[in-house]
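What follows are several structures.
Next, two complexes with chain A in common: one pairs it with chain B, the other with chain C.
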Partner chain A sequence: MSTAPRKSRDTVDDAIAHPEREQPYAELGLKANEYERIKEILGRRPTSGELAMYSVMWSEHCSYKSSKVHLRQFGDKKPETDKLLVGIGENAGVVDIGQGWAVTFKVESHNHPSYVEPYQGAATGIGGIVRDIISMGARPVAVMDPLRFGAADHPDTRRVLPGVVAGIGGYGNCLGLPNIGGEVVFDPCYQGNPLVNALCLGTLRHEDIHLASAKGVGNLVVLYGAKTGGDGIGGASILASETFEDGGPAKRPAVQVGDPFMEKLLIECTLEVLHAGLVEGIQDLGAAGISCATSELASNGDGGMHVVLDKVPLRDHTLTPEEILMSESQERMAAVVTPANIDAFLDVCRKWDVDAAIIGEVTGTGRLVIEWQGEVIVDVPPRTVAHDGPVYERPIERPDWQDALIADAPSSLKRPASAEEVRATVLQLVGSPNLASKTWVTSQYDRYVLGNTVLAQPEDAGVVRVDEGSGLGVAISTDCNGRFAKLDPYNGAKLALAEAYRNVAATGAEPLAVTNCLNFGSPEDPAVMWQFSEAVRGLADACLELGTPVTGGNVSFYNQTGDVAIHPTPVVGVLGVIDDVEKRTAMALGREGDVVLVLGETRDEFAGSEWAHVVHGHLGGIPPEVDLAAERWLAQVLVAGSRSGLLSAAHDVSDAGIAQALVEMSLRGGVGATVTVPDGTDPFVLLLSESTARAVVTVSPSDVAALESLAGQHGVPVTRLGVVGAPGADLVVENVYGGTASWTLDELRATADATLPALFG
Partner chain B sequence: MARVVVDVMLKPEILDPQGKAVEGALGRLGLEGVTSVRQGKTFTVELDGEIDEERLAQVHELAGSLLSNPVIEDYVIREVTA
Partner chain C sequence: MRVGVVTFPGSLDDRDAARAVRIAGGEAVALWHADADLHGVDAVVLPGGFSYGDYLRCGAIARFAPVMGELVKAAQGGLPVLGICNGFQILCESHLLPGALVRNDSLHFVCRDQRLRIESTSTAWTSSYEVGQEIVVPLKNGEGGYVADEATLDRLEGEGRVVARYLELNPNGSRRDIAGIANERGNVVGLMPHPEHAVEPLTGPTTDGLGFFTSILKGLVEA
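Moving on, here comes the complex of A and B:
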């Protein structure tokens, strides 16, 4: 630790004097043409510090070089809305929810780090997304984690899942943020590439919105938060740009360790300096660390910055300047502060016990100049680092196996044909890993800290109160069925949006805005690129049709092992607003004698279904039809029915259809229902089809006519199924192939609750 | 009876939040001049009978896979008492 700082051996002068020196650009993840382009920009070879910066900032993870040309659609097809206060491109989008309140929310991936080191990878995923939210001036109020793992019974899942869940709980609980939902999905396609996505929601008053820029020549650049160490160096490019090589543990790259207590101080410190008006621009340090923060702040402001790298507070004094530039040490932020405000700013940092150092100042030169031990080691136009990275139109080709996959329809799969077989099939599904109770996971998260959680997992969406006076709140749901996306990436993305949208509406919230985390295989594979382009096109089209703009998001490529990519997994998060959280609709069956109805139309649709997956291990055919107009009408019925107090319960119908919806509603309320399959309807199709735009609702008998009239006005079909039973009553389905299928709540609960504890202890 | 003592520490480049908390507390308690604290774990493993090369190799394997997390931690075998 006491070793003197090593002297940089590669200054700008050296680069000019020794143009011939060979540089490890390939090892840093740059292609030969990219390296040539850097030389062209600079008119000389880059210094090793410049090479470090360009290599991390031009990595797939930071530059979106393969996805950019497609992501433009989210802007081009943006629906008309006056709700979006800040759009795509900032750290996170900001949405107006009324009463002077705004919310910001975003989902990001931390997939590769979480595979390497599950606990810290997942923990620092939370840390990173929280800093994105505070850099918008918002107070983080909730987190959510959409997770995907390999087969539930695979030994490596037993390594990865408990670590990921403990890491999310450890970091989030220490921060004091409720974890209000998310997903836990198992599929062998994620075996070597688990998906750990993290979403954070923040709230702010309209006047408190802040953007990342370095304006005002002479203003000071302050680095504050944790000291910089040697952790995660090159993580951005090496972890996110390349797939894992086979090899022993010794070859694994360094990962970062998070410190949630430092992050908590950073939240409070950042919000205090922002609200006191002490900051001109602010930026979190995530992937690519100081390289990213300085180049982005500079290029969004007056275009120049002079940084003295020796001023960066270090945890490890042996770090080279290149390592300091690339370090991904957690819990750090950068701010631009006027000389007049600097003392007050540093006072606030001292108050919160946060290290702060002035590392440079804003200049009007149009250059980002970084100095180390009195010599210039970086002198670049900051835009070329931050924004003008390479952009690729990668080759796209619909894979040749797609037609065979679609042709392999589930129509020939053996279906249950008696009440007893239906009963057994439903039980098998209830206990299957994807449908089983997720309490083993969510009980490790604090779901109610802060006291504003209104609904949390296993409800359709997480609902939090934003204004404690008026009851104004928001609902968020994240969804994606990767099997649907594999069968049809275009409609699969639409289906992901439709499900999240429906989940939000089921709670009584009006869907407003969208975030996404697009998890795919290698963009260098034309088949993956086809899946990606189709999914983005589908999501953009669907957002336009539903009137919900994309506010931001994240792309995670290279989720593949060898030649085998994960199912395309465009995770979609929808945010909705609810005027008074006391009026939200929960999913539990409650009042005895209430009438159970299904809204929407059920068709014979089993391709990609949970039934085909669990019972037959089958994936093929054309996924359920997307009808966004029907989704919109359904949502309007659910929201209006919630506002007027008509609905006593509502639950989205998706995985394993109406049967699973009824099971979940019964278990949630501790009350079953007796329902009857209408004559002329196939019981199996009614119970297990995964047709979209449907919800199960309950109303009191006297309100049935009112609901039918409301649904009629919106053109939503209503089918009366049955009535809610007395407390503890069984779930009974009559008229099933001439018999009755029934389940006691005890057996349903025992089946649903047993699965995850049996697998993970 | 043989005894092997294994020390496990976070790798030097990895942040140690607990060590940092101790370091902060030492300062508040008035101990001046502490520039760094890092904390780790010690395992004392006792074995029946004599220890030989083969059994020591087994302890190494145990230390490198179970007692430490090789992604973020290093171990050393500090002491072997036959």
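Moving on, here comes the complex of A and C:
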């Protein structure tokens, strides 16, 4: 594909001498007003190289031009905290977890590339987020992937899902990073727009934090890692910023190809040069490649940089300078190194067989100057490329269908009315694609490597040990129910945060900080912008109320096919800290005779529920009530109960309610429970409502009073449900409309395990 | 007792193998692929991972690493060597062990808690176990199917060189459910599952894997 102008080089002198030359700014994704603005900044027309740089850096993907005005709320409403060592704006936020340790974590989208080429799209999504983490000076220690696909039985899902899973496994396994959780969600709204988000978690000592800046005139700019090729040119600007249209040119060449082996060497090499103190500033090369790295490093530093583009090691010698500037070849990093340290730096690169080239130096000119074959082809103020891109206040309008959607409440849907009907409904849900076992997916990921995985899927959150001596560890979970967000984007975002927060607390970790990946349709659609603005407002408000600051995140727009956008899907990741991972609470039912209780209040709430979705194909009404104070109290009970050893198991209640929670806890432990619906409680509501701020827990019989007392202190309602059975016992629910509903573990397991293999082989 | 753990470019489970050695009571010594020196260690673990990205063929490039020349000589002289997963592949490529590891029959990478039966305790790495003992350790591989010609398989069986066998489910299509084998002398063992991931109750499905590492330390103390 030849998006960059292929004519002979266009120098700054040419631009001055030939001001009226027509330029393909529209093909590069720039609007007419944006092109005019570039001319205004430069006082002349841009060269073709400058145009290439501005076009990628001012793309939606790189510039956040439609989202910036909204995302400010994460800073404006930031809760008071002394835990944030590095905030929003850097490659990833850094959070203090105590004992001199910090963690950095971030989630990013690779949605569009993964639809075009599932394996490489997903693989390079992992690669990109891992480089964000190492460029903060952290060692990556875990990854997880929130994934969303179209209908499970749609033929195209069979193309996309296996490729995405194999790509995540193929890349992540080869890097030696345990995959500790994530999500797999199916909904027809994602049919043409699967969401492939990737999260990486890294650990570092406080003193090892590094930032992306080019400081110190005379310091050298080193490009190291893979050679630059023709892959991914215009990937960010074109793939992520426009919707696919039938009949357009094939876009496959714009997807990058990953080499995880090179990335593994890059991790080890980068951590070695950072720890040896050989680096002044560092930046990964992702979207917009060299354009992004040089302009951001210069913009964050002393403001000037001189780059000799001929020095860039190339895989393809026919590339034009514009293509070199735009290439998104993977597994590359840029570092700023003092002349005194350069030999030592290059020695480490040689040790790891990593190519490195000095491509330029830091200057005091305030300009980013790039030359090619002895002539200047770029001469710009770097800030105008990296940080002063256009900012749009896009029109916002609440969609006209929103009222009809929330008026269509699920109250008239037929509910099960006998024990036999409840039994059948639960089985139907257990085997439905969203709730069925995800082992087909997760068994393709290595969850053991590094030897610090304490909990991994299907647990509520992944837990990894950070310090082998003290047992200090972190828990992390990502969540979002797009159906809730469709019904009410403001509260849907709050619900996503609430669920991730609850999942982290269920393991015994104290929730500390938030990252997000905001997946939406086209920002040029006022209805989508309304969803987006509401979701951001909701998430910012909820973070303030829960005291968990947003440390960073990612926005993915244009997830729509034609006029139809995906459900608003603000995926929220919550990080928690646990002082001693030995004390973590797992979800499996264990000791026979332990008492099963539910914490929190169950209301009749079915709008957007898994039951309405699976059984009735219904989406309408008002989603479950958000009660963040209740979430906070519940979390305090779960954390205190874990630390004191009171809880023998805990599991968050969310999709398909208490019934599904009990099924999952039973299957995990290989033992069922016998529970009784309290008199005066509707069995269907108790079992399948999706009210928030609830968890199922177990304690030994002698500890029931202690738990009730602990919960009472925090104002959390406790309902005793029943007892854990003998090993292999059935799951039994008594007092269901005058009867008993029961399931053998074998039938539950067979039902849960059969679904994904039957669909995907 | 000093047990070397070799790091090749792309080795991933080297830290885990070193941790397992330490938990078993030994001293782990880091060995570097480009350093043709075993630094006087008493035994060596070739850890799991994707050495050289598994490019060309798993283990095919690693066998030419400078450290391997020394290792092959020492192994032929009786030095205990355990190759885990990618390490097993490297041992086969180096002809210290017969046969080869091929793509899983499922064509998928598979990570699971795998039940094994220990078939031989007369190797340097399995003397802590009982013959017939069942253990559960993690298994994770994409190319873990053990293959050899029938005569070789018969000889391995006849000489008691099948070290461990898969139980309940053969996860990768290995011939005769073979999970691990030894050389004639019993000092070199290749194993597809990962005992180093089953040495702590907190992070492993069991601690059943520790026996491989205590075996070697016990053997070295007695020797």
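As a working rule, the second predicted complex is superposed on the first by the 746 of 761 C-alpha atoms of A that agree within 3 Å, B and C clash if a C-alpha of one lies under 4 Å from a C-alpha of the other, contacts with A are read in each partner's own complex, and residues count from 1 in each chain.
Please note the rule applied: a contact is a pair of C-beta atoms (placed from the backbone, for glycine too) under 8 Å apart; a residue touches a chain by one contact, two chains touch by 3 or more.
In this text the structure is predicted, and so the values were computed from the model without any measurement.
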{"item": "Partner chain in contact with A:V449 - chain B first, chain C second, else both or neither", "value": "second"}
{"item": "Touching partner for A:D316 - first (chain B), second (chain C), both, neither", "value": "first"}
{"item": "Contacts of A:G229 with chain B and chain C, given as first, second, both or neither", "value": "first"}
{"item": "Most chain A residues touched (candidates chain B, chain C)", "value": "C"}
{"item": "Partner chain in contact with A:R749 - chain B first, chain C second, else both or neither", "value": "neither"}
{"item": "Touching partner for A:D259 - first (chain B), second (chain C), both, neither", "value": "both"}
{"item": "Which superposed partner A:R720 touches (first chain B, second chain C, both, neither)", "value": "neither"}
{"item": "Partner chain(s) touched by A:K78 [first = chain B, second = chain C, both, neither]", "value": "neither"}
{"item": "Contacts of A:R643 with chain B and chain C, given as first, second, both or neither", "value": "neither"}
{"item": "Residues of chain A at both interfaces, chain B in one complex, chain C in the other", "value": "259, 261-262, 353"}
{"item": "Sites on chain B touched by chain A in the complex", "value": "10-17, 20-21, 24, 35-36, 69-72"}
{"item": "Of all residues in chain A, those that touch chain C in their complex", "value": "166, 169-170, 173-176, 259-262, 264-265, 352-353, 442-454, 465, 468, 581-582"}
{"item": "Interfacial residue positions of chain C with respect to chain A in the complex", "value": "9-10, 12-13, 15-16, 19, 48-50, 52-55, 108-112, 138, 140, 142, 194, 196-197, 200, 202-204"}
{"item": "Complex contact set, residues of chain A against chain B", "value": "1, 116-117, 120, 226, 229-231, 233, 249-250, 252, 254-259, 261-262, 315-316, 329-330, 353"}
